[in-house]
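Note that the chains are named A, B, C and D in the order they appear, and that numbering of residues resets to 1 at the start of each chain.
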Amino acid sequence: MIFGSDNMTGASQQVLDAILEANSGKVSSYGADPWTAEAEKMLADIFEHDLAVFFVATGTAANSLALSAFARPFDAILCHRHSHVMEDESTAPEFFSGGARLIAVEGGESKITAAALERTLDRLPADSVHSVRPAVLSVAQVSEHGLVYRPEEIAELAAVARSRGVSLHLDGARFANALVSVGCTPAELSWKCGVDVLCLGASKNGALAAEAVIFFDRERAADFALRRKRGGHLLSKGRFLGAQFTGWLRGGHWLDLARSANRSAARLSAGLRAFPEVRVVWPVEANEVFAIFPRSLDERLRAAGCYYYEWDSNALPEDQPVAADEMLARMVASFATTDQDIEQFLAIARSALAAAGS
Amino acid sequence: MIFGSDNMTGASQQVLDAILEANSGKVSSYGADPWTAEAEKMLADIFEHDLAVFFVATGTAANSLALSAFARPFDAILCHRHSHVMEDESTAPEFFSGGARLIAVEGGESKITAAALERTLDRLPADSVHSVRPAVLSVAQVSEHGLVYRPEEIAELAAVARSRGVSLHLDGARFANALVSVGCTPAELSWKCGVDVLCLGASKNGALAAEAVIFFDRERAADFALRRKRGGHLLSKGRFLGAQFTGWLRGGHWLDLARSANRSAARLSAGLRAFPEVRVVWPVEANEVFAIFPRSLDERLRAAGCYYYEWDSNALPEDQPVAADEMLARMVASFATTDQDIEQFLAIARSALAAAGS
Amino acid sequence: MIFGSDNMTGASQQVLDAILEANSGKVSSYGADPWTAEAEKMLADIFEHDLAVFFVATGTAANSLALSAFARPFDAILCHRHSHVMEDESTAPEFFSGGARLIAVEGGESKITAAALERTLDRLPADSVHSVRPAVLSVAQVSEHGLVYRPEEIAELAAVARSRGVSLHLDGARFANALVSVGCTPAELSWKCGVDVLCLGASKNGALAAEAVIFFDRERAADFALRRKRGGHLLSKGRFLGAQFTGWLRGGHWLDLARSANRSAARLSAGLRAFPEVRVVWPVEANEVFAIFPRSLDERLRAAGCYYYEWDSNALPEDQPVAADEMLARMVASFATTDQDIEQFLAIARSALAAAGS
Amino acid sequence: MIFGSDNMTGASQQVLDAILEANSGKVSSYGADPWTAEAEKMLADIFEHDLAVFFVATGTAANSLALSAFARPFDAILCHRHSHVMEDESTAPEFFSGGARLIAVEGGESKITAAALERTLDRLPADSVHSVRPAVLSVAQVSEHGLVYRPEEIAELAAVARSRGVSLHLDGARFANALVSVGCTPAELSWKCGVDVLCLGASKNGALAAEAVIFFDRERAADFALRRKRGGHLLSKGRFLGAQFTGWLRGGHWLDLARSANRSAARLSAGLRAFPEVRVVWPVEANEVFAIFPRSLDERLRAAGCYYYEWDSNALPEDQPVAADEMLARMVASFATTDQDIEQFLAIARSALAAAGS
């Protein structure tokens, strides 16, 4: 009954098998190996586009390196005020970009809207040597609150961005979850709606530690190999990253894993909605469930071994406040979440609420 | 009739005389000269405190270097959303700190309030390796909108800051203007109310190019000489900075200059308030006047050779909106502003408004 | 017959088994897992010392992060002119330290000597705000040319360093190879001879991607967790790094792997020494063999599928020049090198030389 | 009798007059003033070339900012091992470039030779993602030891550099001294012999604090205004820098000042050569004299109030060693050096040597 994060699982068997398979023999290091080449080719096929692909081991590295390809040290990076880039990656964006500034898109929405983006851009000081120039917008897919951007929403953001000379970065830590939720092709959810660079995360969805930074225009990737090396993110045994991706992508495995996680989240939220004392906050479109619990329920769940994060209630919409005796819980399902996990969790909640009500 | 900025003037005669006087003879370079020593001594006397003082030529250097002494590369710097540090110094704060993050204090107030500071600190993600730690608060004295922080207001901010382990930086580009406005001692407006480091600006108030970074605790200044040199801000002919300060401070000259500028601003705002078509926005407490003009007035003023900046109307309080045919003007008086400048400006405005009204 | 580098192999079976074992179940992410804890404990036992240990995935990250804990942005890092830190890690040391300077220890020796270190320190400009202060010496164990520093040699370097306020960093990418070569304890080859921070490399010796940064004084590690996160080097599924180390260390496995690699190198060099046309350059003390080959031999070896690097002949001692028709080859044995690999390589060389001689 | 450095003087009267003249009236700040425009125009005329010119207040800022326009954070900057850039500017080059590496050109020569440059480039590791790419060569004109590069020497360096994709930066802190020494035009000593960017120093030769960064190709200056602002090097009262340059350049004043300084150095060295106990080390081609003194002479000179720097004797050519009872002295003449200064200095030396000899 662990719903803390999708990074609390190990790897899927198919990914492990790929690692084991890649382990034999001596091959060139630093990414000049057959597994890396194969993974790159698979991605180009899947995204139906020529790509410049770079594998790294962490999402923070992927995002920060990708952003640094667009934001010069005197530029600004726009992102959601509650985004992972803003709240959970220390000052890595500043570090890798050489000091670009992070600016939050205004408004308390759960997703960045084109209107909010425009308003934020309008409110920035006029372009001059004294102020920062917005260079890139970072959008998290799945969003900070478990919502999914549809292709037309991304296209709208991209249009506003492009009209101001701003590029579009997709933090795709949960891109696969979004993809199966929308039900479109990877191309439709990336370059076709205006994404310039996608950080495609595998770590949260079945890999051990593997992320792909995917440029849809090779020119923007010109310095990237140097940036990755300078950041200490070029693995010597590069085959290990390539193999995780070949195992993960093969036969649509990545989508199967995401589908399973999304289904678990839907099941969990359906169960929670049945309790009048619990309020599920945002639509559950991918693998995350945000819900307001009575504190007493929270305590009993934890006492019974359930695990999830208490989330920052500042992120809540104004019309959904938490009361003093309530808390906001985030529960994340992963590919490894079982129906039994969910049923157990719900059963504990049920009896806890019954006990409290009696 | 130039009210663009107080940096559009030259230097006062007394400052120039000090430069000329310091020009003769051969002395040690890089600040080991008698003028620098004398300026340091005068400051210590004026502030009634042992000080570590460092002179530099620009306000951006002063602020960024000072902040870098408090914010490590993984820390955050808090400041007003419309502060000079945030809007007018490019990414210098990030650059000098090695990538610390700038975070705006929430709320649309003209000055940072203790409540807004507390709210902002409360909303930051919990202290962890993933998030940034607020390390220093930067307060602009005079504020972004021409208001003055009184000692007790600063003390309140310092108390909130200190309780969270946050230091206090004063961007004193117009410290002298604030000082004569409040009518207290330099000590009362700095270390006595909790300021850890003060950037005392002379450039806007009678010097050519001279700012002093003043630490009230020498230990915090341990690396500062190295930081200043590395940033290219250690002048070889250091006497030139020292002499500007001795000339500026001698006999209370700096306060006289500030008093004159403040008086001019008061006179200008009094004149403007007499026009029903004009709304002076914030109390004029120092040397800046913010007023809402009809666009037609603005055009006639400019046509007649008046000069001032159109200011970002987003900074306005919500209950003071600009109409579509209005604009927000910022007028700054300096020590060199004459009564004649003001009367001419007001006369042009008067006839412009009369013409429009007829 | 691949002797290109010890990073061209996969992982040892015992390391893989540890990864597989760690894969099951849901545990806390970011290093708060039982495998990481176990690995830390094993290291403390093995090094007979209280430690602050941080796991990362690459040697460049380990070295650069470790150096950044000792060198401020205005300091200098000393290292061998042909060291990996100097020649093979891009500008990662500058990046992570925020701009510290790399300075090569003078002299063409294969190992840094105390005399050369002293000479270099003597020749640096006097300590002042204008010049850089040497803060840390980086020593590669095994050295750039396959030689091993004995504890007393490191102690000598540490003594010189310490007397100038310089700390000692050991780039232990091949620490295990050095250890079994010297035949002393890990403690004797690290903190007991004055090492302040050791980057213990597992990647080249049986792991997939795992390095440990080991501080022998916790105080020096105060900011390290923040530095690692900011650099994007904190893996979400931290158990994966911990497990590699537990598998690698358990039962002395790491030493067995190193012993095997060293033995292979000794066997290879013995075989090469039997050819009068080949000159083995430096004593083979660990798992690397440097030899001067006739170009014709080089060509035939490569044509027959042998793989190794041509090395920079500038690194050669002055009394061992390469002729125009010769080249310098570096051959590295790994734990996965078999006797058969070596015999095949030698047989090809033998027949190549015979053909050339006939 | 102060020969410590040419930055121990004040400004020339003509420069001061220009500052006073520029002091009146209100003009646009940040370099949009008539004096800055005039100075830019004068430089373009003098250099007979379209230019992108940027004024700053210090030589360290000028050099570091200029180099950062050519060296990306993963590149290398080549310079003389005893250059100001290497020895006297802290880690400013690393700071402004975002972490590029400084590499000393090999060889103990007093000037960088084309052969030494080529040898250094040959010895660098092969271009790869692991190593640094040399991007720019910094040459000091006048050289570290008071020698002057002739146009054909610079052209030779530029040819080697260009053939490797390396740009050419001239640290012209004493460019005027070199110019009058060679007797050619500014164009002949800069863009005509292959210089890409020139830092033209006025501070050491009659200004208070003023340096011009001069790009001969505007495209290379694309980001420079942003870099300057971010570094805190954009002065608000920019007219002050512009005016120093107009005053300095007007009527060939800068060349007169340099000629005077050079003449003084020649006179001083001629006088010193007359003493058999003193050895002038390098040809005196500009305004610096390097000489080996008996320690006893040094002591008597200092006791009598003479001032100069003891220089690092490691810089001496191998065939000119200092004995244990000798020292290397650097004496710098400036525009303000008088014949009387020199005669007094020589008279003191003469009597000191006579006393010692008796």
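Everything that follows uses one rule, which is that contacts are C-beta pairs under 8 Å (C-beta built on N, C-alpha and C of every residue); 3 or more make two chains touch, one makes a residue touch a chain.
Just so you know, these numbers come straight off a predicted model, no measurement behind them.
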Set of chains adjacent to chain A and to chain B: C, D
Greatest separation from chain A - chain, by CA centre: D
Between chain D and chain A, distance of the C-alpha-averaged centres to the nearest whole Å: 52
Chain B and chain D, separation of their C-alpha mean positions in angstrom: 35
Residues of chain A whose C-beta touches two or more other chains: 73-74, 89-91, 95, 98-99, 129-130, 226, 229-230, 234
Chain A residues touching chain B - in the complex, by the definition given at the top: 73-75, 87-91, 94-95, 98-102, 123, 125, 129-132, 312, 314
Partner chain C, residues of chain A touching it in the complex: 2, 4-5, 7-11, 16, 19-20, 22-29, 56-62, 64-65, 89-92, 95-96, 203-204, 208-209, 226, 229-237, 239-240, 307, 336
Residues of chain B touching chain C in the complex: 30, 72-74, 98-99, 129-130, 223, 225-230, 234
